[in-house]
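Order of writing sets the labels: A, B, C and D. Residues in every chain begin at 1.
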Amino acid sequence: MKVLVTGFDPFGGESVNPALEAIKKLDGRIIADSVVTICELPTVRRKAIVALREAIFKIDPAVIIAVGQAGGRMEITPERVAINIDDFRIKDNEGNNPIDEPIEPFGLTAYWSTLPIKKMVEVMRENGVPASVSNSAGTFVCNHLFYGLMHQLCIEGNKRRGGFIHIPYLPEQVSRSPGQPSMSLDMIVRGLEIAIEVALTTAEDCQLTGGTIC
Amino acid sequence: MKVLVTGFDPFGGESVNPALEAIKKLDGRIIADSVVTICELPTVRRKAIVALREAIFKIDPAVIIAVGQAGGRMEITPERVAINIDDFRIKDNEGNNPIDEPIEPFGLTAYWSTLPIKKMVEVMRENGVPASVSNSAGTFVCNHLFYGLMHQLCIEGNKRRGGFIHIPYLPEQVSRSPGQPSMSLDMIVRGLEIAIEVALTTAEDCQLTGGTIC
Amino acid sequence: MKVLVTGFDPFGGESVNPALEAIKKLDGRIIADSVVTICELPTVRRKAIVALREAIFKIDPAVIIAVGQAGGRMEITPERVAINIDDFRIKDNEGNNPIDEPIEPFGLTAYWSTLPIKKMVEVMRENGVPASVSNSAGTFVCNHLFYGLMHQLCIEGNKRRGGFIHIPYLPEQVSRSPGQPSMSLDMIVRGLEIAIEVALTTAEDCQLTGGTIC
Amino acid sequence: MKVLVTGFDPFGGESVNPALEAIKKLDGRIIADSVVTICELPTVRRKAIVALREAIFKIDPAVIIAVGQAGGRMEITPERVAINIDDFRIKDNEGNNPIDEPIEPFGLTAYWSTLPIKKMVEVMRENGVPASVSNSAGTFVCNHLFYGLMHQLCIEGNKRRGGFIHIPYLPEQVSRSPGQPSMSLDMIVRGLEIAIEVALTTAEDCQLTGGTIC
């Protein structure tokens, strides 16, 4: 079996993207008898989805995990749901900033992640990695890619599992612009390793509250 | 035309619910030639939706706005999307705390609000009322009711418009348990009046970014 | 007896200062048999203290309460301690931004407020006004004035009582730059009335925890 | 030359204290030709200061850095000022929770850190360690010890330099009680090494804003 893990190039004025730095450490790794292949995607609407689809066709993975930077978050957060909207507060890397445009004009309103997100969070915590479920992936390129991924997997009949994981800033990013939480690269890589292993070995997700009141 | 505005009874150990206090001030009010009717709903899964449906059948409103308390938020936040999941971190008022159960087992994954949420936020801000779009209504009874409302409106062919608005704590709640943002009852009522008027008079929503990066 | 209440002119790009708006509502008011006199101060280091001293000499108040805007705070916060340092992150209204300069080169490191800050918080809360003690007034013009006030009162032998109260943004400020907590002008005025009354009528402060762990 | 670095035992229901874990890694280390000696202190008012004084007399260090856990902070934060007050929101490890009692009844209101806190922050950031100056060490045992340390150093004529550094939770603490920022032990140790080296080699502190508006 193969696992595809993707990361974006830097955006929003940053010179690094923690997702990209983290997945580089996972390239070629064998986890639960499966090979990890990585793919760098452009932080550009539509082009990110096109590049992801090509990688899926080429690599034919059983599991796809897209990873993205979530500035301001303090934990590794597997996302629960992707919504069919682009509402960009800042420009993407080619200057697009759509407001309230659908990602897929005839697509469903939303897709659930098909990864065992609760189990991922549980095992990360057991291993000392700060983690929580997130109930919104935002409305920028991360949600855009997540929706595009789940739409593609749905069209194919959901024979592959996939989803999106947001990760915090790296300490080096925060030491340049103080006042934000961060997580060490080692801890992020450890969390993603666990997420991959759980995705490959867990048939049914566990019962763990990951809800919010509002 | 008629407008139905709903609020919940107090929950989570609170003795008041700002939504209920606010809608009481709106009962019988005429806004944009329409009469406002209010309805108190139980903070109980399923029962909240049943009571809402009964009120819709009885009153036959053109617009339905459900209002709920969002402890910790500092602005009035019209919600963008309701998702088909119950994942209760705390118990509702009858002791239910489902984890990852669908609200409607054969329902869509999510519904958009059919209210002009961007215009509501724009006009509230123009009138000095702090407001922002929210991209997650949580996974508790508020989202549950919001989903149930949009499902009902969809089944009926979307001849009525509807959605959900979260409001902050009242100052009196916060003065009992310090360290949280609050909003005066007058300001909340003013914001809801504006929301109702905009809902009744706006055909097409405006272009205003209400997105988040993550 | 007379009470002097001061507020600053707008700073940091704002067109209003909630402190100034609030104290205008208190001008000439009789509270606990005392007359409230107000004074607008420039948001400029040194000049703020000079103008305050002049007002004290002219009015000869028994109680002085300096009020200032605390953007980002959600409650009315009487300050506990003023420290002898200027470390301005932004420029004041005449372009000064000193780093680590003492306010009074031969002054004490810090002064305590001589207002009954715990009782003020207690009575505000009893009256539904969100309030907490603050343990840092920052290092900008607010702390500068607070230190200058306490230094002056000390030199005079502490025959007058005085201190500083920080207040949140107004809703109108937040509706122009969303994502911050605010408090209605009425609530701020109500809180300051209570603070003045408590300052005039309370000999000994009460035992109420206002501490922080760090 | 010798450097004394202290940490507290766990408190507030935690089973570890990151300060203690971090300083254990520094024991016996040679930094800038000086030997690091560590000392574990009880999280108990008065007893913490007594134990610190004994360690100072025994070890005779040129520099003393007290380290403490600051739950909720996301950076390493050298403290600027210690204030002469105990106002404990929670009990210390022997059940004391004084409200508004002075630490030293005849002591100064406050003491500045005599460490080069701005330079420490600057060099930590240059090395990718998230850091900021803090303007309040709280009113619990951390501030208590910090005040006791500076009082002792003052009495001795300030022939030694000293101060206090707050550090975030460890990831393992946060993975047990989610929703808080954390920092890896390696990063904390790296930050403290830098702080020690800067303290030993910097005569005059640098000009770097570490102020807050309020």
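By definition in this document, contacts are C-beta pairs under 8 Å (C-beta built on N, C-alpha and C of every residue); 3 or more make two chains touch, one makes a residue touch a chain.
On a predicted model such as this, the values are computed, not experimentally measured, just so you know.
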Shortest contact path, chain A to chain C, counted in steps: 2
Separation of mean Cα positions, chain D and chain C [Å, integer]: 30
Geometric centre distance via CA averages, chain D-chain A, whole Å: 38
Gap in Å, rounded to a whole number, between the CA centres of chain D and chain B: 47
Residues of chain C touching at least two other chains: none
Topology of the chain contact graph, where touching chains are joined (line, ring, star, complete, other): ring
Chain pairs that touch, as defined at the top of this document: A-B, A-D, B-C, C-D
Residue ranges of chain D touching chain A (in the complex, touch as defined): 74-75, 124-132, 171-172, 174-176, 178-184, 186-187
In the complex, chain C residues that touch chain D: 12, 68-73, 80-81, 83, 85-90, 97, 99-100, 108-112, 118, 135-140, 142-143, 166, 205, 207-214
